[in-house]
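A short worksheet on the structure shown next.
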Amino acid sequence: MTEIAQASPEPGAGAQPSGKTAGEPARVVPGQPDMWVLVLFESLLFTAYFAVYLFHRTADSEAFLRSQAQLSAWLGTLDTLLLLASSLFMLWCVQATRAGAFRSAMANAWITGLLGVAFLVSKVTEWIKLVRGGHSFTANEFFQYYFFLTGIHLLHLLIGFVVIGVIIYQLRSPARRSRDLVETYAVYWHTVDLLWVLIFSLLYVVR
Amino acid sequence: MTGETAEPARSGSPLTRIAWHCRNNPKRELWFAWYTTVIFYNIFFIVFFPVTHAQPPPHPYWSDALVANWFGHNRGGLLIGFGIIFTIAGATAPQNALIAYSMRRMSVSRVFPYAYLVMYSLSAIPGLLLLCVVLSVGALRPGRDPAQLHWLYDFGFLSYTGTMGIFLIGSLVWMLAILLDKNRVMPKWFGYLNLCNALTEVVVAPAWIFHAGVFAWNGLISWWVDMVVFGIYTGAFLMQLRNLIRREDFGDGPLPGLVKKPEAMAATLAGTAP
Amino acid sequence: MNAEPRRRPLIAWLILSVITLAYLALDRYADNRDTYRASSVVTTIAILLALVKARTIFREFMQVRHAPSLLCRLTDLWVFLIGAALLGSYFAGLAVR
Amino acid sequence: MRRADGELILLWTMPVVAVIWISAFFLFPGFAHPMSPSMTAAQVAAFYRDPAHLSRIRYSMILFNWFAPGLIPLLMLIVMQVRRMAHRTPILSYCLLACSAGGPAIFLIADVFWLLAAFQPARDPQLTVLFNDLAWMTFTTAVPFLIAQSLFIALAIYLDRPGRLVFRRWVAFFNIAVAAALVPAAFTGLALTGPMAWNGLLPFWVKNIAIAAWIVVMSVVTGQNIYRERSEGSAPQAAEAPVAA
């Protein structure tokens, strides 16, 4: 456990030692506070996209609903469950890293990535099905938003694969193992999950 | 040019203080690049928004007649405004040079600054100057065929809005350099902000496809949201470059050529932290 | 440092999954057989459920629970902002229609 | 072989480039008496359709296409001289690097429009006018990077150590004068006739003579420096080690 670089006490992050019960660890920001800038900024940016979508949706809700009926809520639910499960394994990966159980952390990171791949496959399959059915990016306004939001989210997922790759690379060698880094990148992966949860409810369920 | 050096106490006017800094400030090259960048962005804003009305962009779905009308209305503004841009567009170079210099200070290969420098220098042509040339041609001659004006109009705005790859890859290069850097030249959050800026270049891609709606070249998402992100990003990198220059410590020692020991100078110049 | 409990994340995941499945029921309830109907109630519920999930992900998965109160409050503010923006734009769209 | 030798070879490509340039200038039928922007569509179309003109236009523009990138080695030689100056940072040489590709690249775009206009001269005269306008406007307003690099060289000389200047002080003033002479060309769109039109005194004659003078003068002073460096022997200059990247 000694070789694990401790989460660096970042300035200005308010890493105050808590005066709580003795057993509880000190309150620290998970990962680098810098990553939280990205998380909060990106979620705000997506909120702007969502707001534009919801605002325009009501102008012609009939057409939107007709196109929305082409989506399968079951498939959306499956995607959501896949990403939620991947987040769970990512959290276990972080916990294992903290406990120094690096083999277990590695395994969890791999499972996270595989669940991400399953999501990717499911999404691309859905896209192909829709495009074959004549519902492409340019088909109508709903599908503009659908392909834009799912596409830009998928791009975040692809970046997430790079992030998992870095985590696995770091965990592989004792010299590179850094708890700070694993926590930081885990936060990114959860953000991908978080954004999908919002996209799912807004594209598949909202009426 | 705030007094971070030991400026001799003088009760001079701001002009004499500026003159003193131009002669004596050891960081004057860096400050020159920084101030040129700030002034360039200000002029750029004035030219593109109130003078030429090229921003916020007019509608992509206009008919030939409306486009001809737009050229007719903005003729003087376009020609004067883009004349100003043709005069000062070279002022983008110090900005790219300064950013490349920030990467030179990082513990990364020189591939990064050079790649960034070349990419962003290239970007000025399709991303800025082609729009200016093409819209100037449209404004040049009253009575040109409206269909031709429409072609020039599409060419200009698509080239300007649709130049994505250079900024995308350029931002990613800078991001990677910041994240790999061990000298703490720039904060990591700014590296991540580069990623946000890079992603807006993907968001703008549908402008090549749609004539109307939120993804068109003047759309709510492809233009307005992206513009806000770009504004935040530009503000952030100007502040970060300012901090970088402030932290530089050249002292006020002699110029490099006068020192005999090369390794001492190399340390001053490269300034790499241990 | 002792190993953290693996159960708590699992419970969080279960809650999130159950909410996700609740969406399916909501989806079923929203429609009149095959035709989709516009419904402010369904929209509001869907957005609120998404916000609950978002906050759970912040708290449990991103472990804001253990973070300084500044980050706790910041993420709560964010959930609130997202909710306000989504519901606000939806109802604004309805109002100007 | 010393470094300066390779630089000299590059420098001595400049006369070849100059020959291409001068012959292309006089070969193009629209330069010696520059085409007026107030020509009618029929006149412009006739200009490109004239069989005597057509081949001259094409061959001259092919030559220009070779000429423009030929200037880049000279710009790099100047960058190397700026690196020898007593600056604390490589900022100014980076600035010059950033400018070096821009000028020739814009010129190449103008060249493409001229060649396009000449490729299918039988087309609708309105289209030929459009290509002609695009070519002339691109060519005339292609000054931003030239202005900037002149000013950067002037500033670099100003910031150099006064006791041992790499370029002498008059080169700085010369560069500022060139930059000033190029400015009117940026505003050529405002007039179709008179001294500000693209065939007028300021945007055509003053601008192009300034560019020509700049190329000749900078080649000569850079050449002098390289010869001096070479004669100073193989000992590298003290200032060079840290600044050269």
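All chains are identified by letter, namely A, B, C and D, in their written order; residue positions are counted from 1 within each chain.
Here is the rule we use: a residue touches a chain if its C-beta (ideal position, glycine included) is under 8 Å from a C-beta of that chain, and two chains touch if they have at least 3 such contacts.
Note that the structure is a prediction, hence the values are computed from the model and not measured.
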Pair with more cross-chain C-beta pairs in contact, given A-B and B-D
B-D
Taking each chain's mean CA coordinate, subunit A and subunit B are separated, in whole Å, by 32
Subunit B and subunit D have mean C-alpha positions lying a whole-number Å distance apart equal to 24
For subunit C versus subunit D, what separation do you get between their C-alpha means, in angstrom?
61
So, in whole Å, the Cα centroid of subunit B is separated from that of subunit C by 39
Overlap residues in subunit B, where contacts from two or more other chains coincide:
none
Enumerate the residues of subunit A that touch no fewer than two other chains.
48, 52, 56
Thinking of each chain as a vertex joined to the chains it touches, would you call that graph a line, ring, star, complete, or other?
line
Would you mind giving me the full set of chain pairs in touch?
A-B, A-C, B-D
Can you list the subunit B residues touching subunit A in their complex?
187-189, 191-193, 195-196, 199, 202-203, 206, 209-210, 213-215, 220-221, 225, 228-229
What residues of subunit B sit close enough to touch subunit D in their complex?
26-30, 32-33, 78-80, 82-94, 96-98, 100-101, 104, 110, 113, 117-118, 120-122, 124-125, 129-130, 132-134, 136-137, 139-141, 144-145, 148, 152, 250, 255-258, 260, 262, 265-266, 268-270
Where on subunit A does subunit B make contact in their complex?
32-35, 37-38, 41-42, 45, 48-49, 52, 56, 137-138, 141, 144, 148, 152, 155, 159
Touching residues (chain side subunit A, partner subunit C) in the complex
1, 13-16, 25, 27-30, 36, 39-40, 43-44, 47-48, 50-52, 54-59, 61-62, 65-66, 68-69, 73-74, 77, 80-81, 84-85, 87-88, 90-92, 94-95, 98-99, 101, 186-187, 190-191, 193-194, 197-198, 200-202, 204-207
Interface with subunit B, subunit D side, in the complex: residues 37, 86-92, 94-99, 101-102, 105-106, 109, 126-127, 129-130, 133-134, 137-138, 141, 143-149, 151-152, 155, 159, 161, 164, 183, 185-190, 192, 238-239, 241-243, 245
